[in-house]
Structure formats: structure tokens, C-alpha cells
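Shared chain: subunit A. Partners: subunit B in the first complex, subunit C in the second.
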Partner chain A sequence: MIAHSVFFYIFSLIAIVSAVMVTVSKNTVHSVFFLILDFISISCLFIMIGAEFLGMIMLIVYVGAVAVLFLFVVMMLNVAEQKGQWFSSRWDGGTHIPIGLLVSLIIFFELIIVIGGWKYKPDLLNSLSINISSEVTNTRSIGNVLYTDYILLFQISGMILLVAMIGAIVLTYRKRAGVKRQSYVKQISRERNEGVDLVQAEKNKGVKIDA
Partner chain B sequence: MENFQYILPEIFISIAIMLFLLVGVFKKNSSNLIYSLSTISLVILLALIINLSSLDKIYLFNSSYKIDNLSNYMKIILVGSGVFVMLTGSKYIQVINLNKIEYPILILSSILGMMIMISSNDLIVFYMGLELQSLALYVLASFNRDNLLSTESGLKYFVLSALSSGLLLYGCSLIYGFSESTNFDQILINSTEFNYGTTFGIVFILVGLAFKISAVPFHMWAPDVYQGSPTSVTLFFAILPKIAALSVFIKFLYTPFANMNDQWQTIIVFISIASMIFGAVAAIGQKNLKRLIAYSSISHMGYALAGLSTVSNQGIQSSITYISIYLVMNLAFFSCLFMLKRNDKYYENIEDLSGLSKKHPILSLSLLIVLFSLAGIPPLAGFFAKFYVFLAVIEQSMYFLAIVGLLATVVAAFYYLRIIKIIYFDPEKEEYETSHNLGLKITLAISTIFILAYFIYPSSITEIVSKITMI
Partner chain C sequence: MDSYFSILLTEVYKILFLLVPVLVSVAMIVWLDRRVWAFVQKRRGPNVVGPFGLFQSLADALKYIFKEIIIPASSNKLVFVLAPVVTMTLALISWAVIPFDDGFVLADINVGILYLFAVSSLGVYGIIMGGWASNSKYPFLGAIRSAAQMVSYEVSIGVIIINVLLCVGSLNLSDIVMAQQNLWFVIPLFPMFIIFFISALAETNRPPFDLPEAEAELVAGYQTEYSGMMYAMFWLGEYANILLMCAMGSVLFLGGWLSPIDIFPFNAIPGPFWLVFKILFLFILFALVKATVPRYRYDQLMKLGWKIFLPFSLFYVVLTSSFLLYFDLLPGK
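For the complex of A and B:
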């Protein structure tokens, strides 16, 4: 129990500190680093209470997709503090490296705790407050209720995603004039006599094109 | 399946949204068609809801969805005003070149979200409905994306609304943590004894809801968003989200938190007083009519909340009556605003109204009636709305609230009357176009006649509303 609460407080502390760092650090790239750290710490917390499905989804969706996307956006928009330096060929003295190293070190440390505990002492990290049956996996138990008891919520989330998609298209799609597009139908249905013109070339006279 | 018919309105509108989207994708230049189809589908939706309104109380989806008198009445006025919003705005969005297929579809999906909010009996269902409606509203606010003000208003609304959603969710998680349930009825059963966690949860949820209803001190987004959005969207903003948020307010205060009224009553009284005073005072210096109506709506929300703070059925009913009359007055006011058009340009400043009475006597007369009603001058409908609220407040001997409310009415009357003075006594300006589409004329006629004739038959609303009891 003591080990459990010690780990809980470690993870929570890291999560809270990195959440604060996301908002206070002036360098946007550092903010994203701390955001990733925050996500990973929270997914460790999920794994600790036995919700491994949520923890893994958190890792895949938030760290794997959202945070990396953030990182891309931050770099592409060049909103980092050192304006104009991110893509410049000049070596910037490696200001990101210490922070990046620190964040990845903490992540490494967290992973050792979680995976090590999971591997060698399975009862170490199990929470006593929530009853999760060990026979049924998380994924299965979520699937059991998602399409039955919570069907309304499932459907509403579908509508929300639809609206989000419509909104993104409305606000960003612009019809551009003069864009050349490939038309397969036009290409395939082209006949020989449309494209090739057979001309009887006379000696020493050549052929006049576009006559 | 035996309960299928009760959820039919929601299913109908969802299918309509997807169908219209498909029509819009595969049929070229179908924006006008989809606009009219959406208006018709709203009318059908209204009929479906009215068809269900004889039911007393139905629980669906593991009692996370509740259909009762409150939700039925609120949905009827919601969809009814949705129809009128579509009718009045049809010409406007064509003129300012916003006639895209997505516009009516976003309005429909926002209405769907509001219907879910109104019927929700569960924290998660409520939050999903709220997100569905606000997501559509963010896009609608910045729909005129080439206009700087519109984009700004959309972004502002998005950022502030996301913040308030965060606070609301935090409140929900606290409530869930301390009462061990997300179901409203179950929360009521489980939270019999006082604890700080629940109180904090209530405060956070009330903050989030007060933001959605634009009550002081969470009102700062309203004037900019109202001014920046296209006018047809402003009309939508001024009416429909308020109906949904007010019914959620009633639901929260009188279902899960009914035992804790000593905790929330002071909060509601404070928000109500602050909104009434601020809305009245801040509107005085405004030059833009849309901004003015934003401040006016803030103070009107204050009156509606005053009714809620009384912890009595009479108070709830007075609030519901208030919002019903408020939406009619807003419809009438915005119909007048849509008529201020000259050479494909819409005018929305107070000075544009100068001397309107000389060349447009009927329009000026309707504006006069609407503004008198907004100011609460008898015997117009706006007076009765305030009258019921103050009656309920005084019945519970909350004299301070009543006195402040009355004083705020007097202050607010100043800026409404100033507009009337400008219309009737200032030098006249160029003539506006007089040919308007039928929907606009019908809306203005119906709403003005309602405001004028309400005193003849005041039980028309109060009788229906008196069926809604929460305590």
C-alpha cells in the first residue's frame, strides 16, 4: 500500500508540475515537451488503477497523435520564442536539448516504474479502491457497455465529430480558380483521331502545324 | 424498441442533418433548397414534439434521458423560435453572401444539441449536448470568415467557451466524485449531507452555466460576439442557447442540487442582481444596436435568474414565462433590424434609425412597441414578464432583489426610450428599401401582435407553464 501511494504521489506531482510548466514556459516547443510528459504521467496513473485500456489509448491518441501534431504545428508556424531560428541552418546552441533530455529522462524513469512493477510484482500497482475483475479485460468490459447502456452517448459523440468535420471544412475550404486536375474519364475515353493527326509530308516542304 | 417513439424527434433531426448533407454534396447549387428543406424539417420536428407533449414523465436510456413537461415546453419554444429564426434570416444570408449548404445544417445540429441538453438527466449526456451545440455555435459565429469582426468573435467565443467548459467539467467531476453517480436523481439521493466537495462542484457548474447564459460576471464575450457575428446568427445566439441554458439551470438547481438550496441561492441572487444592474448601465453608451441588444439580453437574463432564485414553483414558472416573452421580443426586434437595408447593405447603428418614422411609419411603430415592451411598460407583454418574476420574488419576501430589479428597470428604460426619441424626433435620413420577404414580414407581424395583445389573454402562456412543477 505504501509503495502504491508513493508512486501515486510521484506521478501526480510530475503531472501537476508539467501541467504548470506547459503554461508558464515561454518557449512553445518546451511547452509541448511538458505536455507530452503530462500525458504520459497521467496514462501511468490510469495504468496504476488498473484501467490499462484508457492508459494505452491516452498514450496512442494524445502522445502519439495530438502532441506530435502540436509539435509539428509549433515548428511549422514558427511561433517558438527564437523567431526565425528554428529552420535556419545556423546551429542554435542546442537550447532545446537540455529540456528535451530532462523530459525524456523522467519519462524513462516512469516507464521503468510502471512496466517493472507490472512485470515483477503485479499486485504492487493495483488499486484497492476500484473493483476491476481480472478475468474480463478492460477493452471487453468497455465494449460490453458502450453499445448497450451508453448507446445514446456513443451516437451523440458521432454527431459531435460530424459537426467538427463540417466546421473545419466550412472555415478553411476555399475554392481556388485555375487549378489543373486530372480527369481519368477524359483521359481514358480519348480516341486516337482526337490526339493524332496523320499528315502526308511532302519532300523539302515540311509540315505546317496549326494551319 | 417500445420506447422508440419518445426519442423520435431527436432521431428525425439527426437523420435530416445527414440527409441534407448528402443532398448538399451531390447536388450542385443546392443551398437554397437545403435552407427551405431545413425550415420545413424544423416545422415537422415541432409537430413531432407537440405530439409527445401529453406525456407526463418518461425516462429513457437507463434514466439518463428524461422527457417531462419542462423539457417538452422548452423544446417547443426552442424549435418554434428556430423556425422563425430561419424565416427571418433567409434573405439576409443571401445578401451578405453566406448562403452555403452548411449554414442551415449547423443550425440544425446546434438545435439537436440543445434538445439533448434540455432532456438530459445525466451529467455526461448534458455535457455531450452542450458540446454539440457550442461546437456548431463557434462555427456559426465565425461563419462570415472573410470579415475580421466575425472571425474575431468566433475565436473569442471559442476560447472563452472552452475555458468555461473546462470549469464545468471540473465541477461535474467533483459532483461525481462526492455523490458517486452521474445521474441527476441519484445525485439528489446520494448527497443528503453537506460536504465541501459538492459545494465546490455546484459553484463550478454554476459558473459554466452562467457563462453560457452570459450572466455577469461571465458576460464579457457577449457584446463582441453579438456584434461580430452575422446578424442572423446573432438572432440565433440571442434566443436559442439561452432557452437551452436556462432549462439546464432549472434542471440542475431543482433536481440534483434541490437539497442544497441554501448553498446556491445566494450565488443565483448575486448573479441576478449583478446582471440586472450591469446590463442596464453598460447599455447606455452603446452605439451599435447589436451590442446594445447584447447588454439588454444580459440584463434580461438577470430577471430570468431572479425567478429561479426563489426556490418555488411559482418562481420557476415565472422564469419560463419570462424567457418565452423575451424570445418573442427579440424576434420582433431583429426582424426590424433586418428591414434596415439599403442597396444590399444592412445598417445596424443607432444613428441609422434617426428620423425613421417619417418614411417608414409601420416599421417605426413596431420598433416603438418592441422597445416599450423590452423596457417593461404596461400593458405590453414585457411588462407581464417582469410582473410575474417580481410577484414570485416578493412572495418569498426577497424584497432586496425586487427593489434592485425595479431600479434596474428604470435605468434600462432610459436607453430604450432614447432609441424611440431618435426614431421619432431626430432629423430624417435616406429611405430604406421597403420590399421584404414574406417570412420576415410574417415574423414581425406575429411577434408584434403577440406583444400588443398579450394582456387580453395572459393565461395563454401561464396556463401551459403552470403544469411545469419541479418541487
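For the complex of A and C:
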């Protein structure tokens, strides 16, 4: 078990340090890289407690897709402009600090509730209607629960995500003038007489070309 | 403490036993790629160094080792150096779960296919890091392009994997191979195999989808500022990824280590050879595509990924699952 706990402490140390670095580091892109490191070490922790499916999904969804989009947005920002704004000696009125404090206060109370709820964990485990056996792989046991007892909640969360996605597309979509679109059907269905015009050119007069 | 040490030693020995052949075959495969490419275009290709030019890759590697590594003054140095390392590492760690024979696998984990998928989706980071840290226009554009491209095609690869998993009922790669004992999945899932092949081309930035390094537009994309051994590492990582995609294709669709027919002259050949044959077959297809097809336009690439491959493979998921349900063939009950 020594190796197990050594790895646990290594991963959790990396997770905590990188979580702190996300907020502290001055370069926004570095923050995102630390966020990725945080995700990866948390998924390692998931794998260590035997939740291999969750760990892999964490890697695929958060690191493979979400963090890439984060990086996209952050790289597009003008980093030079906002360099060291948070820690700069120049006080910009601090409009974002009260909101930040409010959010962190709410998260703090939520954490207290979670930790307080820990006391009831034994009762909670007994009240579960699902019997978890260690022989079934956890991918299968998650599937057994998710697609039977909680199918409605699962479908609803999927619908909510779909609506959010469509909403984002509708909000950002705008029709721009002067965009040339390619239509394969139009290109293929062009006939010869539309493209080629045979003209009997008169001598010394030539042909008038319109458009 | 002693037992941990011995476990560590045997693991390191096993890893070396896997990685050294992979690295050597990456070098050989570069040579093969160039020879096939030359063959199609009626050229000779590299044929001078060693018999049939076999040592060309080694000569190239030597050249890269002795070249100076130039790190641009305005680059973000740590990330710049880290990028090729990340690419190379990610390309190599995924080989841990590829089964070469029944039980002949470094890490026989339950979620093998998810691991492969996760590691290949991490592959974007090497490119983004390289492109951003170079602090230069062309690498940055190349990195952005490549990230968008890889994320898009991962989606369709994921859906294709779901198709295969529906027929297997397990995420373990050895189970996936064993499920193909009677029928390789390339036959019932042939359209998925084609889409997987094309998506793999896009995922590894191979022609005709090599827009991130389109030399006519972006010089060399994210690799523009790299030189010497760091460039070589990008290059090796890229080819290791291509080999990995071929291995994934042969495990998912072509029956991994299984012989085509289970009769004497075929099943006498050991499994790893069959896997290598299949990987080589897929790789030669990759090389032929590179030699024959012109480069795609970026909007065509995105259209192909999102508007054609994704809906079609989703439709095929519905088709496969309804077929399995109707004929009561669902595995793992």
C-alpha cells in the first residue's frame, strides 16, 4: 500500500499546486495549461480509486475538448493588454472583486454543506437501492444505473445541453452579406449551353461580352 | 520495498521491450512511406543509404541530432521545449494497451479503448503548445487549424468506436479482438471502417488533410520555428501516431492478431505477425492516399467532418443497435 499512498500524495499535490497556479499565474495561457494539469491529475486520482471509466471520461471530455476550447478563447485574447492587471499597483476600482468574493463565498458554503453531509455517509450507503458488486466493471455498473433508474434525468440533462447548444448557435449566428457559398449541386448540374456560347464572330467587329 | 523494486524493474524491462521496436518501426515506416510515395510518382525515392535505402531514416536522424536547436528569442521557452516532448510522449504511451496476441499486452486495462481515445485526444496539446509558444503568425495559425480539425474528427471517431463497442459489449481491446473470431467487424461495419480510415487521416494531419502544415499557405504550420532534434521529435511523434491509428484500425475492424481464416497455413503464423501485417496494410493505404489525393480546402474539411461523417455515423449507431436488438444479438447479457 506504500506505493499507492505515495502516488496518491503525488497526484493530489500536483492537483492542488496546479489549482493554485491557475489563479496565481499572470499569463492566461499558462493558467489554462495549469488547469489541464489539474484535470489530468484529478483523473489519475479517479483511476486510483478504481473509477477508471470516470477518469477516462474526464480526460476525454474536459482535457480533450473543453480545455481546448478554453485555450482557443484565451489565445485569442490580447494578453499583453491585461498583463498583471489583478496584482498591479494601479487600482482600477476593483469592480470584479465583489462579484468574485460573492461567488467564492457561495462555493465555500456549498463545501461546508458537502463536508457536513459526510457524517451521514454510512446511512446514505445503506439507503441506496442499487447493489454495487465489485465483480462487474464500473463501466457496466454505471450503465446499469444510468439507463434504467435514472434514464429520465439522463435524457433531460441531454436535452438541456442540446438547448444550450442551439441557443449559443442562434445567439452568435448572423447572416453576413457578400459571403460566397459553394453549392455542389449547382456546380454539377451546370449544362454545357449555360457555360459555353458559340458565336459566329463578324470580321472587324468582334464579339460583345456582357457580364 | 524490495518487491516494489523488482516489479518496477520488470515493468521497465517490458516497456523497453515494447518501445524500442515501436521506435525502430517508426523509423522504418518513414522510409516505407517515402518509397511508396516515390513508387506512385515513378521516382526512385531514398535508395542510396544501405540496402534499398533502408538506413535513410537513421541517416536523417543522425543529421537532426547534430543540427543546432534554435529557440526563438521571443518564444515562450518552457512551453516551446515542452511541446515536442508532449507530442512524442503521448504518441508512445498509447502503445501500452495495444494487444499483440492473446495476453501479450503491456497493460490489459478494462477501459483500453477509452484510454486510446483519451490519449489521442490529448495529442492536440503538443501542436497547440508548439504553435502558441513559437510566438509567430504561421505556427499559431497552423496550431489553431489543427486543433479545430482534430477536435472535429475525434467526434466522429468516438461515434465509430461506439458502433464497434455495441457489437462487442466490452471496452477491453483484447475482448474486442476476441469478439471478431467468427467475423471481422470490417464486414458488417464496412461504411464505418471507411469513415474511420478517413477520420484517422484527418486526426493525424496526413494528406489530404494536412492543412496545419500546408506549405503553400503556412510555410510549415506549427513546426515552422522548430529545428534539429526538436523538429525530429515532432516528426517521430506524428509517424508514431499514424502507426497507432493503423493499429487501432486493425484492432477495431481487422481482427487484431487473428488470422483471416482459422485453417492450417494461416493459423500457424503467430498473432503478432498478423497484427504487423494488418498495420502495414493500413499504412500502405495511408501512403497511397498521400501520393494520390490533392489537399482539401479548410471549409470542405469541416463540412466533411461535421455535416457528413457525424450524422452518418450517428445514423449507423442507430442502425447497428436496432439490428442487434431485433435479431437478439446484443452481447454481454
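One rule holds in what follows: the second predicted complex is superposed on the first by the 133 of 211 C-alpha atoms of A that agree within 3 Å, B and C clash if a C-alpha of one lies under 4 Å from a C-alpha of the other, contacts with A are read in each partner's own complex, and residues count from 1 in each chain.
FYI, contacts are C-beta pairs under 8 Å (C-beta built on N, C-alpha and C of every residue); 3 or more make two chains touch, one makes a residue touch a chain.
Remember, it's a predicted structure, so these values are computed and weren't measured experimentally.
Q: Looking at the combined model built on subunit A, do subunit B and subunit C fit side by side or clash?
A: Aligned on subunit A, subunit B and subunit C fit with no clash.
Q: According to the stated criteria, A:L71 is in contact with first (subunit B), second (subunit C), both, or neither; which is it?
A: Only subunit C is touched by A:L71; subunit B is not.
Q: Once the shared chain is lined up, is A:V170 touching subunit B (first), subunit C (second), both, or neither of them?
A: First partner only.
Q: Who touches more of subunit A, subunit B or subunit C?
A: C
Q: State whether A:M159 touches subunit B only (first), subunit C only (second), both chains, or neither.
A: first
Q: A:L102 contacts which: subunit B (first), subunit C (second), both, neither?
A: neither
Q: For A:I151, decide between first (touching subunit B), second (touching subunit C), both and neither.
A: A:I151 sits against subunit B, while subunit C stays out of touch.
Q: Superposed on chain A, how close does subunit B come to subunit C by Cα atoms? Whole Å, please.
A: 16
Q: Give the list of subunit B residues in touch with subunit A in this complex.
A: Contacts found on subunit B: 14, 17-18, 21, 60-62, 64-65, 100, 102, 105-106, 109, 112-113, 116, 124-125, 128-129, 131-132, 135-136, 138-139, 142-143, 145.
Q: Okay, in this complex, where on subunit A does subunit B touch?
A: 149, 151-153, 155-157, 159-160, 162-164, 166-167, 169-171
Q: State the interface residues of subunit C toward subunit A in the complex, per the touch definition above.
A: Listed in rising order, the residues are 1, 4, 76, 79, 109-111, 114-115, 117-118, 121-122, 124-125, 128-129, 132, 140, 144, 147-148, 151, 154, 158, 170-171, 299, 332.
Q: Given the complex with subunit C, which residues does subunit A contribute to the contact?
A: 2-3, 27, 29, 33, 36, 52-53, 56-57, 59-60, 63-65, 68, 71-72, 75, 137-140, 182
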